[in-house]
Structure formats: structure tokens, C-alpha cells
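Heads up, there are several structures right after this.
Two complexes follow with chain A in common, the first pairing it with chain B and the second with chain C.
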Partner chain A sequence: MSQPGFTVDIYQNEYLTEGAREVNAVVTVTSPDTADFAPRGSQGSAEIIIVDCSGSMASPQTKIAQARAATAVAVDAIRDGVAFAVIAGTQTARHVFPEDGGLAIADPRTRGRAKRMVGRLRPGGGTAIGEWLRLAHQTFIRHPADLRHVILLTDGKNGEASRRLDDAIRLCEGVFSCDCRGVGTDWKVGELREISTALLGTVDIVPDPAGLAADFAAMMEAAMGKQVADVALRVWAPQHATIRFVKLVAPAVEDLTGRRRQAGPQAGDYPTGAWGAAESRDYHVCVEVRPAAVGQEMLAARVSLVVGSPSGPQVIGQGLVRAIWTDDEALSTRISSQVAHYTGQAELVQAVQEGLAARREGDVSTATAKLGRAVALAQQSGNEGTASRLAKIVDVVDAATGTVRLKKKVEDADEMALDTRSTKTVRTKK
Partner chain B sequence: MATCPAGHDSGSSDFCDVCGMRIGAPAGVPLAVPPAAAPPDTAAEPCPRCGTARSGQFCEACGFDFDAGQAPGPERPDVGSGRHLRPATWTASDSGRHPGPATWAASDSGRARGPATWTAVVSADRAYYDMVIAAGGPDAGVVQFPGYCPERRFPLTGPQVRIGRHSASRGLQPEIDLSGPPTDPGVSRLHAVLIAEPDGSWAVLDPGSENGTLVNDSEIATGVRVPLRDGDHIHLGAWTVLTIQAVHPG
Partner chain C sequence: MAGPAAPAGGCPSCGAPVGPQDSFCEACGTELAPASVSSGEVGGNPGCQSCSSARVSPDGYCESCGGKVSSGRDHEELDLGLLAGVTDRGLRHHRNEDAMALATADTVRGPVALAVVCDGVSTSARPDEASLAAAQAAASVLLTAVRAGDDLLEASSQAVRTAGEAVDSLAGPAEDVPSATLVSAVLTSEAVTVCWLGDSRAYWLADAAGSAAQQLTRDDSLAAEMVARGLLAEADALASPHAHVLTRWLGADPGESVPHVARFEPPGPGVLLLCSDGLWNYLPEAADLAGLAMPGALTRPLAAAAALVTFAIDAGGADNITAVLAPFPPTRPAPAVTEGPPGAAAR
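Now for the complex of A and B:
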């Protein structure tokens, strides 16, 4: 193996009662902590920053100024040798730097030129995010690179037909990853989440433009730390088994079930995106198998980490999810604390999103019930981030029982922050 | 090459590559009971079409149907009521059974509560699609899995809810219209009907669709009402899945 392996740890109760079919496991994947665990491919990294320059960026005036400043900070964080470009987005998209429409290789001179061009950005026009993504795609594919990443900043909702945006997302899937940031409160959480989910990135709200620079610096820092792209979680299951779901559950909940690509007759690959050094993520895998007789043991899933290489897919880590049927109830009724914890975190995410949806529709009783349940779950699991964001939307009467009242007046930014960050989870202590 | 307790050839020596069963007895776990499934004569019978060792009803490599003794037929034109996806013996082993969701639906049943709100959530199921294609029906080769399929939700109301594809010429407008885009070519014009039961629950009935309907992975008989529960999956066509949600108030 040319690369040090990833660690794959399986947490489950492998004992099933007679006739049981559902096997659950939490899979913890950790990348090696050496600074340079995977020699970057010869083609290096490429980075594009897309800045919304629509007319709305002019109000307040500070918004475009802060966006320019944040982009300059991000440009400064691009490491020497990385290919990069800056795109301005309106109802169309245009290259701000380099002006010839390609990618420039980062060095002190090109970064300086890019920052000067960014300083001249003026707002005016509409918002067609699909067009922006298309131009980024067009720019990337002309330049070979191992890791491709986009930072997308917008302050408004998409003005083009949703079909146009969907098509653009589909075009870009698997070509680059994209972190999305919404500034202010006039953008649509669902729209940016759709992009960041499909393109394996993050989405967040920056309610105050003044916070942009720090956020851009952190995002660029994370992007520059990525060492290996396109790592897939390969799940083999026995014949006649059904994979009920594969979900990323930490650091955030992301359902990968529908992203499966068949890899041989009994296995499928689920994308995990790019990895930096010493990253650790948890996945919840649920497989339905045909029950075997008491005393029998079955491999319910073989979970491998697979990365593409010139000689074909390479397995860089593996763990086994097992099932043993037993008539000993003391064994089969044990609950895996990891599985229980993440089942709770997934329910928390769902309760928040359904509660907010009901609140928007004016369905007070459903909203109160769902958000109350969310408060209780956040409290039980120690998810303090979600708990504090919930407390800005509801008055908590009793957190333990989930008794809450909807607040009369809620800031848009607080509601959007709860929505965008609702998928963030906390980990169990192992 | 190891051989598992069920007789499969396996490249791995710890667990069978095909059925996952432990090869060789693990310490401390008695292996007294032989596995009930997998008839011994299926062990290593080669596929008459491509030579791959048999591991079940359908050849893993080419989709040959061992039980029917047929290879998947050539492509056939659309017959109007949906593309022909099913091999002749699709129903084989599981028909008639109606297993509920394994562990999580049972706990709430039987509790007296108000009338539930029923919803059918339509989405695309990659694993099901792969199974349909692997089964190798006549048109399997020409049906694509949709690149993008937004989830659609249909509240179940009234005496019945029809599932199908609208047809101006036949004046048919099913309540759950799967015309798309994306279009699932395996869905018949009138594929199945959801029927409200007197007790407030719902059942599904397949009036005789081209490719049949599966409830929780078992094909249902034509013209028979199959009662539904919260969390049930109804598969039809090449990739469509309806997930039934029954939300009880309180």
C-alpha cells in the first residue's frame, strides 16, 4: 500500500434476536494524522471563489465592501502553486481574475493582481447561480487537477428557473466540491443546501457581513488542508440483503443512501469527498439481511474506504459489520450507545427541520410539538449548539420534557441559522 | 477458494463472499443448526450462458434466470402500458409474504389514538433499480436511473388514490401522477390504487400492471388489497418507491 491506511472502527451490537433482520452499525473513519499522508497527485489543487455581485449586494453598502475584503483574505490564504480564479456572479458569470478565463498559478504576484481586480467589483444585476456554477465547471475542466474546490458567496435567492440550477448542479457533481455561504437573510437555505449537499460541501449563514473575512479564511484553510480527493465508502452486503441507509452522522447528518454507485454485483460506493489529515467522521449503516438460525454468524456488511489511483481503486481501510443470532436476550437486547446516540441526532435534525417548516406554514401545534421534541433531544444528547439556536426560536419551559412555547418575535437570521446548522451533530464519548 | 456452509464458493476465507455466512465455526458459538435456505444443488452450477458459478436464482454476471432456464430476452418496444422490466419468474421465492418493517413499526400499533394523517412520499430508489436491472427483464438495458429526482409528497385523502401516468387520450389523470420528469418508463398508465379502509387505514391494490408492484420487497397478487402500515415501501416501475407515512396526532 503506497498510502498509510485510514482507520475504520465499527460500533454495534452484533447480537440479534431470532428472526431479526435489521443490522445497525456506526462506522468511525479516521484519516492518518501525518501532515502529508497522501502524496498529492502531480496535478495539484484548483480553487475558484465565486462572489455574488448582484444589485442587492449594494444594500447596505458595507455588504459588497465586506465581500471584497473577505475574498481578498481568501485569496491570501491560497497556497503557492495552487491554480485559482475569481468569478463575479450576476444574471451571468464573468471571470474577474485571471481575465483570460483560465486559472492562474498562485504566487505573491498573481495573488496581488487578483486582489486588485477584486477591489474593483461593483454590484449590479441579477442572481443566476446555475450560470455561476457552469462557468466554474467550464474553467475547471480545462485544467487538470486532483482536488477542485469552490467557495460560493451569495446574498439573494436564485433568479433562474429551478430546473436551470438543478441541471448545473448535476453537471458539477463529482467534478468539484463547493462550500456555500449566504450573507444577510434574503437567500434561501434550501437552495444553498441543495448545492452543498450535491457537491459534498458545507452551507452556513453569515448574518453580519463583518464576519465574512474570518469565515472565508477558515474555509480556505480547510480546503488547502485536503490531501486526498474522491474517497468512497464501499459497502458490500450479502446476497438478498437490502441497504436501508448509509448516512454521514458526524460532524453533520447527510443521507448518502441515494448517492450509491454500484461497484460489482454486491457492493456500492457512497461518496465522502476529500479528506485532510487527522479528520474523523462517523457513518451510520443500516442493512436488512435474511435472518439465519440461532447460533449462526453472518457478515452483514464489509465497509471499505476506497480511493482512485492510476492502477484502479485502492482499498485504504476496512471494517466488518457482523450479525450473530442468539436466543440469549441479555445479549440481543443490549443497545449500542453509538447507534442509539446517532439515531437520536438524526431524529433531532428531522424534528428541527419539520418544526421550522410547520412554523413557516403557520401550523402552531405541529411546530410547538416538533421544536419541543428537538429541545428535549438536544438537551439529552448534549448538542449545545442546536440547543442555544433553538432557544432563540422558542421559550423553553422545561427542556427535559420538551415543553416549549413559540416566541412571538423571531429574527430572520436566528431562524436561518437554526435551519442551516440543524444538521450539525455532537459525537459520543467513546 | 473456500466453500461456505451454504455451498457458495468464496474468495474470502472468513465470511462467504456471496451470503456473508461465517466460514468455519467461530469460537464459542455452536454451529449445530444447518442453514435452512440455499438448496445444496445450487452450489457451483455454472451459468449455461456465461459460465459464472451460480449463487442464486439469477446469474450475478449476466442475469440468466436459472429457475426459468431463460436468458434475458432482447429489447422490446414500449407496449404502451409501461416498459417490460420483469423477467418471467420474478415472483419466485418471496411472493405472498408481507413482512412489516423489521423492528421499529410494531411498538406503536394497537395504541388507541385519533385518526392518522397518511402520506405517500415518492422518490427514486437506486438499490431497487439495480435489482431490477440485475434481474435483466427485456427492457432493462434501456432504462436509466434518473440523475435527479426530487422527493414528492402526496397526502392520501378521499376513497381512493390512483397511481399511474396521465393519459390525455384515455382521459386518465391519476392522483399520484408519475409522468415526471423524470419519467419512470416501467410504470403503467394505471399501475396501482391506494384504497381507504373503513378504519381509517389504507391498502394498496394492483389491478394488473405490466410490471407488478412490491410491498416491502414482496410482489403482491393482482386484484388483492394489501393493508399498509407506517413505513411500508411500495416499489413499482424501474426505480420508483412510495414510502407510506401514517402520522398519529398527539
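Now for the complex of A and C:
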């Protein structure tokens, strides 16, 4: 087997009361802890950095200066042999390096040239993020590579019709992954989140341009660590069953349910993106089955991993999600702590998102209720990151009961930080 | 049907001469007449019983409807002539967590029958594996002791300790320890040595009206202890919520897993019954069990055991059911008459 070591572990209470139909399980997927588990014959990686060069990047001047410096840092982190390019984005998109389009193979000479070209970037013009994505797409598809990744930086709102951006995103889905960063506070979280969600990447705010270099370095190092692209979670269910949802729940919440690709009459594949060594992610699978009689056992789902390789998709690892109907309450009332924890984390993410949306619309009572619920959930689950970010938006009267008051004055950067990072979860002990 | 005692003639595997008390053939090393265990390795239905799809995955589930395809342990019968047992999943549990082990031996003092019945505690880890491992380990220790002529009271205690170790070794690193009950019996021509831990029971079913049927064990359960101390009336014990709360079991801390051992000298012929609570829940009184099983159990223990199990299933089958019947004293059937004038009635 050329994919040793990916493991799939299932956590659930398999015992259901008579007539119950909903089966929940947490699936932990862990990649091998070895330096090189990419399939033989794989065609390597390709990286594109997209830098916003619109007019607003000049105010203040430090913004474009820091963006140039951060791009240079990211270029330096690209490993020899990896194909790469830099694109400047305005109301159009243009190749910065290589100047003739296409990708260059990284070595000290090409990295040096790229940094010199980046040093000459001058801001001026509008923002058409859809065009930037299209140029990246065009550049990638001419160059075979297994792992394709983009770092996208913007400082403002998209100037195109939203339909244009949507179409560009659809075009790029499955072609490359994209990590989005917004510098300052004049950009829209929702726009970048739409990109990062569809393109299986992250989104975050960098409030102070001085923070860009470190962030870019971290993103590029993580990208260099990826070894396998396109790992999918394959979920088989019995004929009469329905998959209610499949969600990534750690390290962040992401609903994958709508991204299902059929893989046979009873199975579907859910994308999980690229994996590096020793990564561990948790997924929450919920299946509705036709209840059987007490004493019967059923396989509610079989979960495995599908890894693309030059010789075709390989199915590795397997976990069984079972359903056993019982009249023994000592068994059926047990709570799977993992399922309960992640159900709570997903509710926390939803409460934050809905609370922020209500606050933006001026609906104070809904915002207070939702953000209060979020505070309570964050405390219960020990999610200190979200708790401290919430504390910048609300005054906490009593965390346990979720009693809060909206702060009158909230920094945009704090609100956007809560928004972008609200999907981060804490893991549960096994 | 497995495990007849080693014929005085030779090893069933290589034919070399063996002594009646040998456990292993000295020539080829084959174990002679090991215990028979309800491990479910023989049988098991192909195809899904719920939707009649023929496609069953290697892990035992239907590829179409996901239903678990029944295991060989769902219903098993073991008949060793000298004794027999039946175990059944019942109607409400998804798997059979009871197990039984039966064995016979021919010693200088005559044939010996032994049996062990174990009931895995459903709320512990891997109860089905625990009951099987415990029954197998205990029967093996008892059989060795019988062949060696060791003291049976001591051997019974040792069998329980060995069974406890087998159960403990099943636990994974982060898992709860598996738990099970155990009841064992060794029948010689003179006496029955009974040993138990938990709430599986042994009963003496008398042949003649003169010697009454009786329960030989007392449950290690809260209800039984309360009855013994006069805190609960016997009549109320069965319906009490404490009826099945165990006070001792296999897989517990050493202090809580000291078994009871007793030697019983029957006043006359009869049958020993070992059973799990899936049977006695429906028929707790010895007289009622004797009424159902006797006198058939004296000569046809398998049929009688099957009848007891069927009774429990018909009454509700709420738990796994195991019944082992061993006639006392253990007597090999006389060899069929094969000589005589031609045409004379011969089997």
C-alpha cells in the first residue's frame, strides 16, 4: 500500500433507544508522521502569491511597503523545485513574475529575480478579485502539479459585481486552494470567507501591515509542508439512510455537506483539501437511518479516506459508525463526549456569526442574545480564543448564564477578528 | 459435535497409544479432547436476513441495508453425550454475550463431566469477548486438574483466577475493564463441585420425588444480599431493581472477585443445571425448572436444554439465554450390541 499511516478513528455512542433514527459520530483523521508520504510519481507543488496593488494600498505608504516585504519573505520560503509566480491585482490582474506568465521553478536565481520585480510594485487602480482568481487559474492549468496553493492579499472591498466573483470562485473550485488575508479594516470578511471556504483555505485579518511578513511566512511554510492534495472523506451509508451532514469540526468548523460528490450508489466523497505530516482533524458525521427492532445492529456509515494518486484514487483507512437498538437505558443514555463537544462548538460558531450579523443590522436584542449564548458556550467548552475575542465586543456580566451587554464602542479590527476567527474550535480529549 | 474423550486405543490425530489421563499425545503433541466452547466458529448464515441481499461486507454488514448479519454465536448447541448445552442471543440483545464451555474426561474413577457458563456484563467493555475468554480459560484449568486428579475445590478457585486474568488482558489502554459472571461445575461419580461468581446459577434437578430440586448457588447481587440479611422478602427479590446489580464479578478488583466454592453430594440420580439469568429470570424456582426439564434431561440433555431455552425465548427473550444440563452420575451410554445371530435386531 503506497499510503501507509492515515488513520480513521470513530467516537460515538452506538446505542439508540427504540425507534430512534439519528446516528452521530466524530471521525478523527490523522495523517502519517513521516517526512515523505506523497504517492510515488506525484507531480509536486505550485504556489502563486496575489498582492493587492489597488490605489488604497498607498494609504498609508507602509501598507504597500509591508506587502512587498511580506511577499519577499513568502518567496524566500518557497522550496527549490516548487513552481511559483507572483500576480499583482487591481481592476485587472497582471503577471509580476515570471513576466511572461506561467510559473518559474524556484531556485536562488528565480527567487532573487522575483523579489526584485516585487520590489518595483506601485499601487494604483481598483479591486477586481474575480480577475485575480481567473489569472491564477489560467496560470496553474498550464502547469501540471498535484498541490496548488494561492496566498491572496487585499485591503479593500471587491469592486466587481458579486456575480463575477462568484463565477470566478466556481471556476477555481477543486483547482487550487487559497488562503485569504485582509490587511486593515476596509475589506469585507464575507467576500474573503466565500473564497476561502470554497477553496478550502483560511481567512484572517492582519490589522497592522507590520504583521504581514510573519503571517505570510507561516502560510508559505504550512503550504510547503503539504504532501498530499485532494484527500476526500468517503462516506457510505445503507440504501435507506440519509446523510444529514458532514462537517469539519476541528481545527475549525466548515460544513462540507453541500460539497458531496457522488462516488457510487450509496457513497459520497467530501473534500478535505491537502494534508501535511502529523495533521489531525475531526469531522462530525450525522446519518439518519431507518430504525430496526431492539436487539438489531446496523452499520449506519462506513467512513474511509480517498487519496488521489497518479495511479488513480486509493481508498485507505476505514471506520465503522454503528447503530444498535436497545432497551437498556444504561447503554442508550450514555453521551459520547466527543459528539457533545463538537455539537457545542458548531453551535458556538453559529451563535457568533448570527450575533455579529444581528449587530451589524442594528438588531440589539438578537445580537445580545446570540453573543451571550456564544459567551456561555465558549466558557463551557474552554474555547478561550473565542471567549477573549467575544470580550472585545460585549461586556460579560455572567459568563455561565450568557448574560452580556453589547459594548457601545467596538474597534472594527476586533469585530473582524472575531468574525474571521470564530470558526476556530478547541479539540476535545479522547 | 466435538470432543469425545480420548479413546483408550490411540490419539485421534496420529494413532499413537495414549493413556486415559493424558492431556496431550506424547507423539504428536495434539491436545486430546479439549473443552468445547460456544465460539460460533461453526455455522453462521450467508446473506442478509433483513433484506435478503446476498452482498455481505467482510466486516459482517449487508452492503445494501447495513443490517448486521448474524454471527455463529447467536444460537449454538454443544452435545458431548455426557452433558449438553444451548446458548441463544434471545430477542432483545444485538449479540450473544453469554458463553459456555463443556468438557469430558475418562479417569481411573470413571467419566467426569465439567461445564462453565459465563455472562458478559453488557455495560462493560467487550462483554462478548470476556465471557468467551473466561469460559474457555476456566474449562481448560478444570480439565487439566481433572486429568491430573487434583483437588477440585482448589482447582475451581484457580480456574476462576485464570479466567479473571483472561478477562483483564482483554482491556485496551483507555478502556473500562471487561466484566462477566461465571458458574462452573465438575461432576464425578461421587459429587458435584460447584463454583460461582456473580448471578449465573447452578441448580440440582432431582430425578425422584424423594429428593427435592434445589438452587445450589446464591447470587452475588444486591437483592440476594438484602434477602440474606432479612432486609428484603424473597418474594420481592426478583422484581427489585437490585435483582441484577452484581456485588462480585470477574474483572473486578481482587477483593471483589473471590468466588464461592461448594461440594454437593447428591442423594440420588438427577441432573445439574448451569444457567445464565436469561433463563432463571423467567423460571427462578428449581421445582419449575425440574418440571420442564425432567425426566428427559437424564438421558437426552440436549433436547431438554433446548426446551429450557425455547421457554425463555417464548416468555420474552429479554436477555441472552444459556442452559447446560449434566446428568449425575456421569455415565457413558453402554456400547450398542453388535453381536448376535444374523437378522437379530441390532442398531
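Just so we're on the same page, the second predicted complex is superposed on the first by the 424 of 430 C-alpha atoms of A that agree within 3 Å, B and C clash if a C-alpha of one lies under 4 Å from a C-alpha of the other, contacts with A are read in each partner's own complex, and residues count from 1 in each chain.
Operating definition for what follows: contacts are C-beta pairs under 8 Å (C-beta built on N, C-alpha and C of every residue); 3 or more make two chains touch, one makes a residue touch a chain.
From a predicted model like this one, the values you see are computed outputs, not experimental measurements.
A.B. asks: Chain B versus chain C on the shared chain A, clash or fit?
C.D. replies: Once chain A is superposed (C-alpha atoms), there is a clash between chain B and chain C.
A.B. asks: Touch check for A:E297: first (chain B), second (chain C), both, or neither?
C.D. replies: both
A.B. asks: Have a look at where A:D107 lands relative to chain B and chain C in the superposition and call it first, second, both or neither.
C.D. replies: A:D107 contacts neither chain B nor chain C.
A.B. asks: Let me test your reading of the model: by the given contact rule, A:V289 touches which partner, first (chain B), second (chain C), both or neither?
C.D. replies: both
A.B. asks: Is A:D328 touching the first partner chain B, the second partner chain C, both, or neither of them?
C.D. replies: second
A.B. asks: So, does A:A20 touch the first partner chain B, the second partner chain C, both, or neither?
C.D. replies: In the superposition, A:A20 contacts chain B only.
A.B. asks: Would you sort A:D208 into first (chain B), second (chain C), both or neither based on which partner it touches?
C.D. replies: Neither: A:D208 stays clear of chain B and chain C.
A.B. asks: Which partner chains sit in contact with A:A241 here, chain B, chain C, both or neither? Use first/second/both/neither.
C.D. replies: A:A241: touches chain B and chain C.
A.B. asks: Go through the superposed model and pick first if A:L320 touches only chain B, second if only chain C, both, or neither.
C.D. replies: Both: A:L320 reaches chain B and chain C.
A.B. asks: Residues of chain A touched: more by chain B or chain C?
C.D. replies: Touching more residues of chain A than the other partner does is B.
A.B. asks: Considering 22-30, 94-102, 220-228 or 256-264, which region of chain C has C-alpha atoms that clash with chain B after the structures are aligned on chain A?
C.D. replies: Only one listed stretch clashes with chain B, namely 94-102.
A.B. asks: For chain A, which residues lie in the overlap of the chain B contacts and the chain C contacts?
C.D. replies: In the superposed arrangement, which is not itself an observed complex, chain A uses residues 237-241, 289, 292, 294-300, 302, 320, 324 for both chain B and chain C.
A.B. asks: Please name which positions on chain A make contact with chain C in the complex.
C.D. replies: Within the complex, chain A touches chain C at residues 237-241, 289, 292, 294-300, 302, 320, 324-328, 330-331, 430.
A.B. asks: Going by the contact rule at the top, pick out the chain A residues touching chain B in the complex.
C.D. replies: Result: residues 20-22, 166, 169-170, 237-243, 257-258, 260, 262, 265-266, 268, 288-290, 292-300, 302, 320, 324 of chain A touch chain B.
A.B. asks: Which bits of chain B are touching chain A when the two form their complex?
C.D. replies: 14-22, 26, 29-37, 55-56, 60-61, 99, 102-103, 123-124, 126-127, 130, 134, 147-148, 217
A.B. asks: For the complex, which residues does chain C have touching chain A?
C.D. replies: Touch list, chain C to chain A: 50, 57, 59, 61-62, 64-68, 89-95, 122-123, 174, 318.
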